[in-house]
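So that you can tell them apart, the chains are marked A, B, C and D in the order they are listed, and the count of residues begins at 1 in each.
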């Protein structure tokens, strides 16, 4: 018996474990480790209307239990993606497109193009700290987050999940604004803006000076933000940030997350997705939990 | 030759290395490891007008490369401290009192009492996430931070450093508000609000649900915030958050910090203060740096 | 840095670590032990099982990440010992002393018993040691000149006749110590308990290990870990 | 989990790790190596020095935290090998092949040379290996049936006459590979370079290791690490 079936914005997921955007390519890169269709969902690398080469210079920098990245939304553009969307859609799971953009028009056009694609959900990325225009800017304030949510809702026929930035003045408030503007779900957190300095060269490590921090280091803060946001909204909240084990995933679910995403955790442990699905299932079996819903939001 | 002499708000420090509040008691606890007077400064445990017993339940929880704490400003009260202040003042270093409070009146009265104490600086703690009243509340918004800074400046005869919260919507903006209201220096960061859940008991680990995250995990975010604040104000900024080596300290100094504080890093390595002072001095010697000023804010 | 001479698996997740650390220490004191570089962040408080001026020994149980790492160290590996910290057990006036330990809380009682016997061979000691399962850990206690009584499973208090004692030293789960205190308090003149709290600094600087006592908050690491039983508010 | 059979200190911070990992792999491929549990976070990309179906060997230099931890592992210890990843060197058409390595970049050239000789014993190989200091690492290359020429310090290109070669494989510091490419490009028909970028996933999922090429961005871990020299924009 599958005790992990989870409903998210109308979709029946096999389980609440989603591969996070930017850490799982377009779904196939970890196939040598496990069949990606065992996951509850997969969020694509962030896609923008026009192709983006991403950032120059160093893109990755390890920190204590964390990772700074400055990929800069490298992607082939939505049209190129849409032409090959079957490659991702053939995976039997909830297929999510993570949508980025430089400005409102680009987001809208991107969302419109995706109307013809056999995908299950759009994750609106208004929280990428690594691009100059757009990106995080929309996610920092309630009014801009509300505006873009409303506009995308107008054009898209897919369910809309809005991905929030932990760098916002108050992430739960932004969540409320998005919920009021029609978002079907929220996901948080994207990366925390951080910095590293190379003392040998006396320069910032990254060309953009700042980069995005992810991984186990941020988990306690991400968990707090998810807990606060769950209390503030009535739409489903998908929690992520530093999840590296089924126990971590369970903490987010107990804090009220409808589902979780795993990002950086895939890198040290390419079997993580599989292990979390199994671990949660076994936990439910051992504890006589018929459906994971029973402990969701218990705190 | 001491290459580390550092001026902070009129005080000539031996070096830019300060023991952080709440991690070094009242200066004497690490004496079996080294003479605390080799440090540039020591900030006391947070003191409030009235004695505080601190929080009940679990107070410490380890996280990946981080530490969640919920001490809740346990302290004997400013009057009791003032009676024994000579114990801390006899250490030949910059003696800083970290001042907390439940409300404005308490802060003001506390600062007034300290006027008679032979201390070198007050560090105004408007950023403690672990007390219900006061604490972080003043540090979250520019106007309240400005108000309390102004009021304390009116009554205190000591230089005033304001300790900022990384949980504020925009820490650099709060820094600007404090600078404009008369702060002589800023210190940041205090702990990040975080959370942990005990999946066995299905409860939040801490009685206050949330607690404060410190340690190496937060360093990349703290460094970014220090860099942003340095660019925003013209008063000195003291940087802290996760410093565990002289190289970490140097990153903060290169980012523009006038001095650094070491907190959680003392716990795993009780010699850390000594090692950072020595490491920075050697670095200057090797690189022909006459005074560490030469590389301060190089980024 | 101390060097590990032996790290013996005693069964039931318990290990005896023998190091070449030759610093003298008092029974009831502990070290913040660190068998790794940066991760996990904090050092782990572990009581001194034995210390003879040439070696320091620890009896520990694997319960999580840190103790698991400790258990994987091999002879020749290095381990950092920060300490000795804490007050340790005081001089006991009584002559018929019960040392009551539960599980891994038995660890500090070995040196405590040994030292009492060394200083006052005439005193009568009984060790009451409760374990959940039997293991080789029991054998460690057999070479003390004391009557060592073991209880596997159940309540240790079931095998203690407090009337035959005038002093009690106890260490173990808080619920056990609380029960020992309550049964002994009207009978034995001296009751000392060794408290266990999460610790970060071990030197009294962080106030993370505060123990509520009748004399106000005390730091378990510095003012303790040994307190008079009557002083402590058990949880 | 692979078990370490030997972890030999070769001097000058270099080590040869021999594991019992018996998976076949192609020259130029690499593993994400992990000799620890959770810390440091990322695994480390290390080229395959040799692989014979029974063992897999790595030649590595200690430069930071991860490689330092690797160097401390002992025979019998376990190490996680994620891979083999990457494309590896392609079949070479030329008959007079130069294999040019700088420092630890020499590592993948051993298996490359061995495999070429195994498949095409008639081909002429010259290994040009530059090291900053001499060490026992040099000796490792002496058992290949190839002319191995060493340069200690200075520029490796000083000892290469590209006219006597029609193909070049190179791995080492980017500046060296760039110089090799520029000196060889009008002379040798095939030039392959093995690029080095920071990596997180190793499988092509994170785009952290992007290498700019004339055909657009390529993932060093999945599309590389070996690229045609003429394709790469050197930094």
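Here, a residue touches a chain if its C-beta (ideal position, glycine included) is under 8 Å from a C-beta of that chain, and two chains touch if they have at least 3 such contacts.
Everything numeric in this text was worked out from a predicted model, so none of it was measured.
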{"item": "Chains touching both subunit A and subunit C, listed by label", "value": "B, D"}
{"item": "Identity of the chain that, by mean CA position, is farthest from subunit B", "value": "D"}
{"item": "Inter-centroid spacing, subunit D versus subunit B (mean Cα positions, whole Å)", "value": "47"}
{"item": "Where subunit A and subunit B are represented by their mean Cα positions, the distance between them in whole Å", "value": "34"}
{"item": "Mean-CA-position distance for subunit D and subunit C (Å)", "value": "53"}
{"item": "Subunit C residues counted as touching two or more neighbouring chains", "value": "38-40"}
{"item": "Subunit B: positions in contact with at least two other chains", "value": "64-66, 215-216, 244"}
{"item": "Residues on subunit A engaged by subunit D in the complex (per definition of touch)", "value": "22-25, 29-30, 32, 45, 53-54, 58-62, 64-67, 69, 71, 74, 215-216, 244, 264, 266-268, 270"}
{"item": "Subunit D contact footprint on subunit C (complex, rising order)", "value": "38-40"}
{"item": "Of all residues in subunit D, those that touch subunit A in their complex", "value": "34, 38-43, 82, 198-210, 212, 216-217, 222"}
{"item": "Interface residues, subunit B side, partner subunit A - complex", "value": "63-66, 68, 168-170, 192-197, 199, 202-204, 209-210, 213, 215-221, 223-224, 227, 242, 244, 247, 250-251, 254-255, 295, 298-299"}
